Structures are given as C-alpha cells and as structure tokens.
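Following this line, the structures themselves.
Below, subunit A partners subunit B and then partners subunit C, in two separate complexes.
And now, the complex of A and B:
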C-alpha cells in the first residue's frame, strides 16, 4: 500500500544542497521519514560543530567580530537574565518553603537545599532557555537574512569560509557568555531567594545562605551544563540560519525553528547531564 | 530622542536619561497591550469571530505543537525526578518522590516550560506572520475592504492561543508524569505503585487546577504580547526580525512575572 506523504522540510547541507522530492512513499518510508529527517538534522549539526571546532583549533578566529558577539550575546542579555532570575529565585523559595512546612516543622535546611538545586539545575538551565529565546532568534535571523540575500555566497566567492566568519565568533561567545551568565544567575537568584526567605518565612540571612550541601560535583555539573548549552545554542541557531530558504518568510521559519530546537536541545542535554551528574556524583 | 539631542545632554545626565526613556518605552508598550486587550474584549461582546480563521489557527497552533510539547514534558518529568532525588535520599524518604516530583511539575515546572516552548514556537511565528502582513500593507487592504482586522485576524489568534495552551498543558502534565514515573523507576528503584501511592495521596485536584489556571494566564500573556509586537512592526523585513525578538523576550518576562504573582494568589 502506498500513501502520499507530506513533503519533508528541505534540509540544505552546507556543502551541497540536498532537495527532497515529493514522490509517493510506502507506509514504512512514511513512518521512518521523521527518523531519517532527525538523523539528517543531527548529521548537519555535527558537521557544523566539527567544522567550527576545527577552525578554532587551527586559529582561524576573527578577533573583532568575536568581541562584538561577546558584547551582543553577553552584555546585551544581562538585564533580561537578571529580571528573570530575580523572579525565579523568589518563586522557588516561596513554593519550596510552603511545601516543606507541610512535612517538616522548621526550615533551617531550606537554603542549603535550594542553593544546591539552583547550582545543579535552575541557574544554568533557565539561563540557557532565556538565552535561547533571545540570542538564538537573533543569530538565526541575522545569518538567515544574509543567506537569502546571497551574502553568504558572496563570502564564499571571495574565498572566505562562512563558518570562520559567522559561526566561530558566535560559538566562542556563546560558550564563554553562557558560563559567565550562569554564575551570575546563581548569584542573582540566591540574592532574590534570600530576600524572599527573609520576608516570607523570617529566615535569617546566615541561616539561609548555607553552602554546606554544595560540593565540587555540583559545580562540575553546573559548568558542564553551561558549556554544553553555550555550544548548543549558537550551533543549532547558526545551522537553522545557514539552511534558510525561501525569502523573508523563510527567515521567519528559521528564527522560530532556532528558538524551538535550541530549547529542545537544552532540555535533552539537561536530561543527559543530570543523569551523568547523578551517577558520577551520587547524593550523600 | 534623536542623536543630536542625545549628544547635547550633559555627561552626568546620560544614565538617568537612558533609564527614563527605557521606562517610558516599557510604559508605552504596556499601555499599548492594555488598549489592544480592551479592544479585543469589546469585540467579544457580542462575539464577532471569523470561524474559518479560528479553526485554521486552532489546528496550526495546537495540533502541530503536540509533538514538541509532549517530548519536552517527557524529558522535564525525568529531570524533575533526578533533581529531586538528592533531597529525598538525604531525608531517606524515597517513598514521597511521587509527591515531590508531582507537586514541582504540576505547580511550577510543567506550565512554565510548556509556556516557554509555546511562546518560542507559536508566539514567535505569529508575530512574524502578523509583522509581514503589516509591512506589506495587508492590514490596510483589509480595512479598505471594510473588514475589521482585529476581529478577523487578531481575535481568532488570541482565542486559539489561549485554548490551545490550556489543552497542551493538560497533555504536557500527563506526559511529564509518565516521564517522572519512568525515571523514578530507572534511577531510584521506585516502582509504579509506590510512586502513584504518594502521588495520589498528597496531590489533590487543586494542584492540577493551579497548573490549568496558570496555563490560561500564560496563554493570555503570550497571545497579547505576540499580537501587539506583530501589529506595531516598523521598518520592513529587519523590523519584523526585531519585533519577533522583542515579542519572545517580553512574553518570557511576562510569563515569569505572572508566575510569581500567581504563586501568591493561588496559594
């Protein structure tokens, strides 16, 4: 039995554009189509990551645009991240405190647990989710509109590698700035949480700010997460930007896909690294 | 504020001036969203909605997002259990993992993350679509044909977004619980019946209702911001890109702030 499948989204590889045709497929082909599309996607991302890391290792780094990206990804996001993290820290303390009061008579260990939770999970992940919406959309829109106006082909024609000029600075800036902003998020959420604990539950600052549960493993997991997210956002968004087709409407789709797919990548990496952290540094 | 005027400002006044103009900008945006919301409410009494546009948007925004929302929620359920594990192991209370994970998911994590994914996928796309229509004068064309753009274009989208985030949130809650059960089984050796025992005993309908109420609020927030920034696009195709960016950022901040206040209101 043959059924007509929906035409797949076209994926253009960096070197040679591959166009899917709309021939009728068998049922098996239709069912495996999403899987093979996912595989192609992963291959495209892996190729881009490999090319970018190769360029960095060979020292083909444009210093000026790297600094420009560091500024626009990092400094441009500080205010946004700060506002979100203040709210997040306060929500976390209020919710956790209210629930703990149901089972435990006193809240002296609330701060220690929340600081560990912030370091392991919320500071890097929520910070990266926010960066994915702000930075990922920007990267895909910028590169995408360069692609549809043939500026990337112009770079290639003048002998410049688009990956060197466009992706390398963004990858470096993404990794460094996600790392820095994760630690900034931890600090801000901790301050806001301390304030909420003090006003809501009358907890002393010295009781709440208690780092006794946070060990080396938590900082290692947090750093690994921040580096992984920081690499995933620019690679996914740049790949979506570089494979843009179909004019300004295509740029819109590339932007949407960049945000959604970077967010999914972050959540998937979060799951993998959390399992790794749980096995490598088991709770004591 | 033009460039020449800014260069005339004395050095000591640059920072206050920028802060002031930022505050005025935010106030103008909030006011614009309020006016848009009021105009939409006016068009609901009596309801004048284009039924074809409504069903088209419901399908495009809801059915097409089920896969993304379900997979996100499945992973999130797993992550919540892994992160709650140190707490319950420390107090040697693996039996209450169902309550701890279920509570964290239903009240906070699931509605928040599903709303952020929805804002990235549907909200951003909606802003881009409306923005492209504005810069190509299609809204003026509608007005010239005596069709009200608000009740023809905007109202169906707002209703579709609120309804579908509400529905997707229920789907997401269920898949998140499935993800939590799987990872509790794999990592903590808590079997299904033990998980469900503490879950059903400690989680009541109010926890689930909180998730639903929050999702309606988030849907309202996302739909109004994305339509407002789409309708106020200026400056051609680059303007559409900027509008999409600010719509997503505004929706994220709006969702977090609304979450904070709803935590207090819905105790």
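And now, the complex of A and C:
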C-alpha cells in the first residue's frame, strides 16, 4: 500500500498522534523512505485492528451505532450489489460458454464450473470490491471530516474512545454484511447466469444449476474471504480517516486512499486466501 | 500555580511551532493566549489535556506532570479540565441533549436516562432547553457554541479551555460568551484559558494575556501592560495594523 500521492504525514498511534518530518535527507534515507512508510502504514493498520478487536472482546460495543452501521453497509448496498452481480453473472456465463464452445461442443458442465468459480472467487471478491468503493469511501470521508473538525478530539474529551465509537461498529457491520452480501451475490449471479445460459445456449435450468463441483471447502474459502474482506474495508478506511490531516483537501485524499488501499488489501487477501484454499481444500 | 507549561517544544514536520514556551496560569483567572493564526495557540492548550504530546518540555496540572500520561490516565485530567473547541464540534448524529449527556455517561458512568435528564437541566442553564431534541445541523453558530459550552461545563470542571470561542459569532452572541466566561471565573472560581484573536474579548475580560510569536512567548502581562507596551510587534497585533514588523 504505497500509493501515496499526498504530502500528508500520517500518525498511527491514535492515542498519541506524532507528526514526523519524513523528508529524506540522505541517500540511504531517500532509498529506504518508501519501505519505512510502508512499514509504518502496516503497523498503523495492525494497531487499529488490535485495538478494535480488543474493544469487541471487552464488550465495548455500542449497539445502536452498530445497528445503524449494519443498515447503512448492508441494506444500503443491496441494490448496488444486486445490479452488479446480475450483470457479472450474465457476462461470465456468456463469455465462459463461448470460450468453451470453441473447444467442446457441449456445455453440460458449464453451470457446475461457474458455480464453483462464483463461490470461490467472484461472489465474495467482486462484492467486496464494490463495497470498498461505496462503504470504504463513506467511512473515510465521515471519520476524516470528524478529525479535521476536531470532533474526534471532542469524543476523547468526553471520555469516549474514538475506536469504540467509530471503528468497532463499522468492523462488526463490515464483517457481518460482507458475509451476508457475498452469499446474496452468489445467489443473484447464479440466477442471472441461469437466465443467460437458458436464453443464449438453450441450457435447461436443471442442467445449469449443478452443484456437483461445489463442496464444503468452497463454502469455507468463500466464508473466510468474506470475513477477511469485511474486516479489511472498515479497518483500512477507518485508519485513513483517523489519520486525515490538512482540512478538506486531506479528507479528499483520505477518501481516495481508502478506496485504493481497501481494493489493494482485498486483492492481496484474495491471493493469500486463494492459495490457502487450493492447498487446504483442493477443488473437485 | 495550578497550570504550568514548562519549556514546551512541539514540531509538525519541519515546522517548529512551539520553541520553548513557558507559561504559568493562576488559580481562578481568565488567561488569554493571543497571536497570529498558525502560531500554535490551539496546539498549546491541546497539550494540557493530552490531545497532543510535546516533543520536549513538561506540563503541570495541579502539581502533576500530565504530558506523558497514558490515555486512560488522562481521563481524570479531562474530567476536571474541559475544552470548548473552535467549531463547537457537536456530534452531528446526536441530538443536542445527547451531546451534552455524553460526558456524563462516559466520565460519570450515568445511565442514558439519568444523563439525558441532567443534560436537559444543563441546557436550561444556557437557555437552550427548547432545542433539546434538535440536531446540531438545524442550529445556528451561536446556538451550537452555547450547547458546546453546556457540554463542556456538564462535569463541573475546575479548568475550561476555550479555543476561539467568539470566532464566527455575531457581536451580541460574542459578548454573551464573554460574559459567560467571566461569570465562570468570578462566580464559580473556574480557571479559564482562552485562545482568541478577538480584541474586544481580550480587552474586556482577560485577567492576564500571553502573546505567542514565532514559537515563543513574546509578552505576558495584564490588559494595561499590553495597551502601554512599546514592543512594535505586540503593538501591531493589538492595534490590528496591516503593515508593520510582524511576520505572519
């Protein structure tokens, strides 16, 4: 996550913001500066994740705020995700069908392959990428605005921890709703794909909707991915929001970075969990 | 002295904002910190409640060094030392009474119901009771500021830090805020540190004034000291002249 176009310094310890002069002064510093910035970035994300999980384990969860976030992240994204997955499901089936027909004349296993591909890869990953654009940007903009208008400091003065109030509800809602929306995405893409297969390739519904290639391992990989993505989006976006510096321009950078860095986090997690999935639960 | 900033240094990147600031604030006084924009006035008072940490130097509050306390150890400090922020900083998602009730719930552990009852009482004191259920976005700047002051005073603090309390207010609302700050000192013995550019406020209610310039305390004294000073930089600030020796 080194896409850092802005000149903003970032402070990672929420309890003690530290602004450092990160202008390289020597050749060695110049060469190691990006690595150092990346390391600090990772440490900041890890610290925020640790503090948030600690707060959840200690029961410091604001129910009202969590329900509001569940609604905002979940219900607010349903239509957006549904439309995306309808289009994706249809395109995927048509493209895969056309490619397959170049090699094989029959498509009886097209549905089985598509369902496995959706479960292992496309349903959770595309759903999370869509959520990163909508939810990640919203989280960073909201928290970033609170930071630059001193509302986060006002929270601390009121005896409330910003992590408890701002990050915990978003992490819980992010994980639960990414999980739910991933399964919804699978269902919707499957429905749309079935329609496309039927109209484009004259495939019967019973032939296309074939779960023979999908086993418990696929659902486990899908669930793991959804949980990891659902945690990554709010943590990355909240961290970008909490380290906002420099007024409205800073909020703009925080929002952009939240989307870019959340997307990169999703892709990296996809790589790691896909490799893990293929080793731990080899596909049928 | 209940509050003592001792040789305080703070830098943001290459900008060395505070370069050895020494200020002592007396009990019950209304102490003003003045200076040009970006000179570090807000930065200075944020150090007192641990919202910023100094690069070096010490801060004493009632004899206790507070600049290196951990977040949890700062709770008692923030309980007796409230802060009214420049932009009111009410929480948009909460109604006015919920904003005022928040410190009661967090610092005093009150139930939501009790905190809301106490919050309504506190809003009555600043004549904002009828706006209990309103949200901050529905109110004007002056009203938001009064609610922010009610929130700051809800824990009956010994010390109140005001960050530009009259900025953006009409003259009448500004003088009302001045009067409130003065009453806090005179009637309740509250020690106030006020960061301000407002010359009317400064020369109406300040007991003592410190002017920050280029990271140092340029002058510290009473209203009369500032009126009669021969320091050209202080003179320029006090008279509000556009041309002069002051580098802004």
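The working rule: the second predicted complex is superposed on the first by the 267 of 284 C-alpha atoms of A that agree within 3 Å, B and C clash if a C-alpha of one lies under 4 Å from a C-alpha of the other, contacts with A are read in each partner's own complex, and residues count from 1 in each chain.
We adopt the following convention: contacts are C-beta pairs under 8 Å (C-beta built on N, C-alpha and C of every residue); 3 or more make two chains touch, one makes a residue touch a chain.
Keep in mind that what you see is a predicted model, and the values were worked out from it rather than measured.
A.B. asks: Subunit B versus subunit C on the shared subunit A, clash or fit?
C.D. replies: fit
A.B. asks: For the combined three-chain view, what is the angle at the C-alpha centre of subunit A formed with the C-alpha centres of subunit B and subunit C, to the nearest 10°?
C.D. replies: 100
A.B. asks: Of the two partner chains, subunit B (first) and subunit C (second), which one does A:264 touch, if any: first, second, both, or neither?
C.D. replies: first
A.B. asks: Go through the superposed model and pick first if A:205 touches only subunit B, second if only subunit C, both, or neither.
C.D. replies: Neither partner.
A.B. asks: Scan A:280 for contacts with subunit B and subunit C and give back first, second, both or neither.
C.D. replies: neither
A.B. asks: Between subunit B and subunit C, point out the one touching more subunit A residues.
C.D. replies: Larger number of subunit A residues touched: B.
A.B. asks: In the overlay, answer first, second, both or neither for which of subunit B and subunit C A:160 touches.
C.D. replies: A:160 sits against subunit C, while subunit B stays out of touch.
A.B. asks: Taking the superposition as given, does A:151 touch the first partner, subunit B, the second, subunit C, both, or neither?
C.D. replies: second
A.B. asks: Minimum C-alpha distance between subunit B and subunit C after superposition, to be given in whole Å.
C.D. replies: It comes out at 12 Å between the closest C-alpha atoms.
A.B. asks: On subunit A, which stretch or stretches are contacted by subunit B in one complex as well as by subunit C in the other?
C.D. replies: Subunit A residues touching both partners: none found.
A.B. asks: Report the residues of subunit A in contact with subunit C in the complex, numbered from low to high.
C.D. replies: Residues 9, 15-23, 149-151, 153-161 of subunit A touch subunit C in their complex.
A.B. asks: Can you check the complex and tell me which residues of subunit C touch subunit A?
C.D. replies: Per the stated touch rule, the residues are 11-14, 46, 49, 51-53, 70-71, 75, 78-79, 82-83, 85-87, 89-91, 102-103, 106-107, 151.
A.B. asks: Which residues of subunit B touch subunit A once you look at their complex with the stated criterion?
C.D. replies: 68, 71-72, 75-76, 78-79, 82-83, 85-87, 89-90, 96, 103-104, 107-108, 113, 116-117, 119-121, 124-125, 128-129, 132, 187, 237-238, 240-241, 244-245, 248-249, 252-253, 256-257, 259-260, 263-264, 267
A.B. asks: Which of the residues in subunit A come into contact with subunit B in the complex?
C.D. replies: By the definition above, subunit A touches subunit B via 80, 83-84, 87-88, 90-91, 94-95, 98-99, 103, 113, 116-117, 120-121, 129-130, 132-134, 137-138, 141, 145, 213, 248-249, 251-253, 255-256, 259-260, 263-264, 267-268, 270-271, 274-275, 277-278, 283-284.
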